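In the two assemblies presented below, chain A is common to both, partnered first by chain B and then by chain C.
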Partner chain A sequence: MTASEPFNQAKDVTPHKRFSSGRILAIASNTLTELTRTKVFYFLFIFGLVLLGSSMLSNNFSFGEEFQMLKDVALGAIGIFSTLLAILSTAMLLPRDIEDRTLYTILAKPVPRHDYILGKLLGVFYLLFISIAVMSVLFIILLAHREGIRIGQAALMYENPDDLVAAQNQIRAAAFTPGLWAGLFLILLRACILAAVTLLLSSFATSNLFTIVMAFTVYLIGHIQSIARQYWLESGDLNAFQKVFLSITAIIFPDLQMFNIVDEVVVGRAVPWFLVIKVFGLGTMYILIYLGATLALFRSKEL
Partner chain B sequence: MDETPAISLKNVTKRFPIPFRRKAVLAVDNLSLDVPVGQVYGLLGPNGSGKSTTFKVALGLVTPDSGDAFLFGKPSRDVASREEVGFLPENPYFHKFLTGAETLRFFCRLCGLSGAKLTSRVKDLLHLVGLDYAADRRLSGYSKGMLQRIGLAQALVQEPRIVILDEPTAGVDPAGSREIKNLIFQLKEDGKTVLLCSHLLTQVQEVCDRIGIMAAGRLVEEGALDDLIGLRDQIEIRVSGGQTELLQKIEALVTAEGGKVLSIGRPRTTLEDHFLEVTGALSERRSN
Partner chain C sequence: MSASTQSCAVKSRRRWLSDGRVLAGALIVIFGLVRLPIEKNIEGQFREFGLRPATLTLELRERLGQSAFIAALGGYRALVASFLWITAHVAWENTEWGRMNHLMQNVVALQPRAWIYWDRAAWHMGWNASVWVRQHGNFPREALTLRAERAYYELALDYLHRGVRNIPEQWELFMTLGHLLADKMNDPCGSSKAYREGSQRVGAPGYLRRFAAYKLAECPGHEQEAYKELRALYLEGKEQRLPTLITKLRELENLLAIPASQRLISPSPPSSPENLNPQKSENTETP
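Presenting the complex of A and B:
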């Protein structure tokens, strides 16, 4: 150590701001580095194997069945991996920083608690975006490869050029439907909602296990709550208590049933853009509600 | 002259509730404390006496049940007040997945530094704490002493006027401990205010101007170091090259004047100085 070095130079730091995108981005990129260096991306190998296995099985089917199965397996796997990633990686973020006392050193700097929470959540969103983007690229590459093979096979089957062009157009239409991009986007949105719920749970949970179990419970309730609501609404008049209960449940638990649009994508049905926009709006509302609750709880948390 | 203390705590009380019980642990009990600007203040006390909670209240990390804390007159709950303070927590665990340089870069970005200023600040700080050689090594491979030094560096990123050090030399070898001590002297020379706590009382005695002693959450004694431990009725004389005859003359003179020689002996160097001389650790580390 060189104690004689001068370190009382003129201050280079910028004046304190209540909200700083620079601080939030610093925490977000640090969170992404943290998650990346915990080797979280190893699951991509498993995803690759799942894709490879499904493509090997698909030779026995017609092109329509093959593409549907590929989409089913790929979108299903992307959905499962993104759900696991959103819940498991978010659950440990706050408890680890508190346990390792890294939170003290961060909040002892001029960093407001809301910047810290926003940075952490943004870091997880980065991770989810990168993971889903990488899985999507792998899936698209495989789909394009299989499409090429099927088009090549069609060239051998059809001698009439008109028939060949028609067959090739059918193959292209079955492989890449516009709804595919909407499906991938909605999977990302659902994962972001689950990350926001998990962050909220971890802000008051006493253990990681509690956070993870509760997050999966929310996930399950999110999938069945709209069915229960529909059943009650159809069963007749509701009393005031039931109405209040239903309203509170609808706000607390995200309606994940709305993401079943992805199933439509698998079977190749067109997904109306207004529906995607509506789901995006609802999803964003859920994220903002959970984020607001997390900020309120974390603001008063004793460290 | 500005009389506003660097750190001021007014009647601070803090209790921590025990989960599932109606009781609460009284961590800090009606504590009032002023740390004057430019002084090195040592807060002492046994484990569980409330020192760390006092630090957290001063930093605005914990909200007191009653009372207030101020940094240069600004409420410590105000996030902007933390621009003036750097903090090294006890046993600092930083993100182990980051390298030393990445750690400092992260904290610099939190304090609003960017671009060339950030790069040069990181370089200066690594040099300051003698970790240039380990800049690109992950913290998971750092020794306890190295972690403590990177902790000190992060505390200084925004060039704060106050530095709060919770057990800065815990687990550090004598050479590292001496370096931290020298750094505290340097901070004082640069006009910084330092609040520290340590169980190594000899070191506290060497660096601190003022001492506060806490027990059971209360400040039981407080004052300038000389006032607290100086023996006002005794004088120490050290003589170099004296013979037995000279000592006898001095003793006779003291007795003739009504005084009493309490002890005559050969003074010792400190064990720390001797250790450093033998191991040459300090010079070796500097040459790194």
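Presenting the complex of A and C:
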């Protein structure tokens, strides 16, 4: 080895990139591991129990009522668990890294702040995707199982083949309604938006509790604001103050009703895919803007 | 203004612009202004495809209680409706009809597009509650029993009418309406109309057309019209020639004194044992 070799090697080293997908993915997978270590997936047992309980309970009802209730409870539970996961797991990300001093170790290395934030958010998205996918699979298995049982019962009840086919078709139509997949997809999208909002809040929050309370407030306002708007607009007599208040609320807070079609999906409404794509586009815009705002705040944050 | 003051002002403006809070706030506000028309457009399309729930009223807030109302507002109206339905089921098991009706009114207000709730609510009121009142009402006079029964029929009718207004495409609701008017309210004309409406909906079973014709045959003044319909059904083919249809046709041909040459059915029933009483035959259908 000559004396000049180390210098030549240094020249060959690839320059430090401002944006690296490898770094982001590494932080994301690390975030997912950290979240998994907090035993966050234990909630799946509770979800399983909820499903099992509702299935046993709805056994006493007619097949129409049974499927309706099964879907109501399962999609409702998926919605609640995904909301809780999105808010609670994101709210603790930054404060814990600051408390453990992991954040300083990471940022001391050549890792830009935006890579760190992107990786953290992506890690939460992984978690949400895995959780919602597992819950959806459990739900679909149960629904298919109950459908099979009801079809078997129909076979014993009807002797006329035409009547049997008609009854089986009715059972199938009641079980797997067309918009079910779109409903599940939009639950995931809503959870991702909530995670992005929570990360934004936690980037300037002074405590975990503040982030969680504020995120739930945003969630509630996000659902109520469009109903309030509709109610006031239908009543017709809006004063200037109400108009200003409504406009400010609509501009600042996300309209989460845009991503809530579960109530209509469970009753069998079909959702056109072009509409799902439009809502997906809107959801992506929400996530990007909240991410941009988080980066702006985190960049100027004194650590 | 001195040069140093000017430089301070420029620096302060730059600092202000590079402040993350200002940038974040600006991003959110600008995005809020941009997305409003987009959301309005999507909202309009949601309404066009019937994907928007009905408005929650303040009256419902009073009836549901605060926690359930907030859950419903928070995007979980289907879940709240489901739990209320289970509670209504328990009330049914305890024959608490008033409480049951109250709960079911809340369920249908929360989920007005779930036909199953309208249908079952009407069934509980029109069949279960009304029969219970007759058997266990212990009213001192028959007139009071009849009035109580009638009240439950009216409740069932109200559920079905509202259900049909909310989900006009659901044939099942028209069928139950037809059953209620025929079996409980002695209104064959209204029943026939309900069955006919139902038969015109997508996915409606073929027997609704026959039910409509059977009930029309019982509707005073519409015998000729009913005969035409039953005849048309008979001529459609073998699958329509069920014992009830044949019996009704025979009755109408006799009633309308149709000349023998134009009759489809012989004036008297055949003597084979299974056709002696078509009402009890396997293929007999009673609306």
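Here, the second predicted complex is superposed on the first by the 268 of 303 C-alpha atoms of A that agree within 3 Å, B and C clash if a C-alpha of one lies under 4 Å from a C-alpha of the other, contacts with A are read in each partner's own complex, and residues count from 1 in each chain.
Here is the rule we use: a contact is a pair of C-beta atoms (placed from the backbone, for glycine too) under 8 Å apart; a residue touches a chain by one contact, two chains touch by 3 or more.
Because the structure is a prediction, the values reported are computed rather than measured.
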item	value
Partner chain in contact with A:Ile261 - chain B first, chain C second, else both or neither	second
Touching partner for A:Ala240 - first (chain B), second (chain C), both, neither	neither
If touched residues of chain A are counted for chain B and for chain C, the larger one	C
Touching partner for A:Gln68 - first (chain B), second (chain C), both, neither	second
Contacts of A:Gly292 with chain B and chain C, given as first, second, both or neither	second
Touching partner for A:Met56 - first (chain B), second (chain C), both, neither	neither
Touching partner for A:Met157 - first (chain B), second (chain C), both, neither	neither
Touching both chain B and chain C, residues of chain A	none
Residues of chain B touching chain A in the complex	16, 56, 59, 61-63, 79-80, 82-83, 85-87, 89, 91-95, 97-98, 102, 106-107, 109-114, 117, 121, 124-125, 127-130, 149, 151, 154, 156-159, 179-180, 182-183, 185-186, 190-192, 285-286
Contact set on chain C toward chain A in their complex	18-21, 23-25, 27-29, 31-33, 35-36, 38-39, 42-43, 45-46, 49-53, 55-56, 70, 73-79, 81-82, 85-86, 89, 111, 113-117, 119-120, 203, 205
List of chain A residues in touch with chain C within their complex	57, 60-62, 64-65, 68-69, 71-73, 75-77, 79-80, 166, 173, 200, 204, 219-220, 223-224, 226-227, 230-231, 234, 250-252, 255-258, 260-264, 266-267, 269-272, 275, 278-279, 282, 285-286, 289-290, 292-294, 296-301
Of all residues in chain A, those that touch chain B in their complex	1-9, 11-16, 18, 20, 22-23, 26-27, 30, 33-34, 37-38, 100-102, 104-112, 302-303
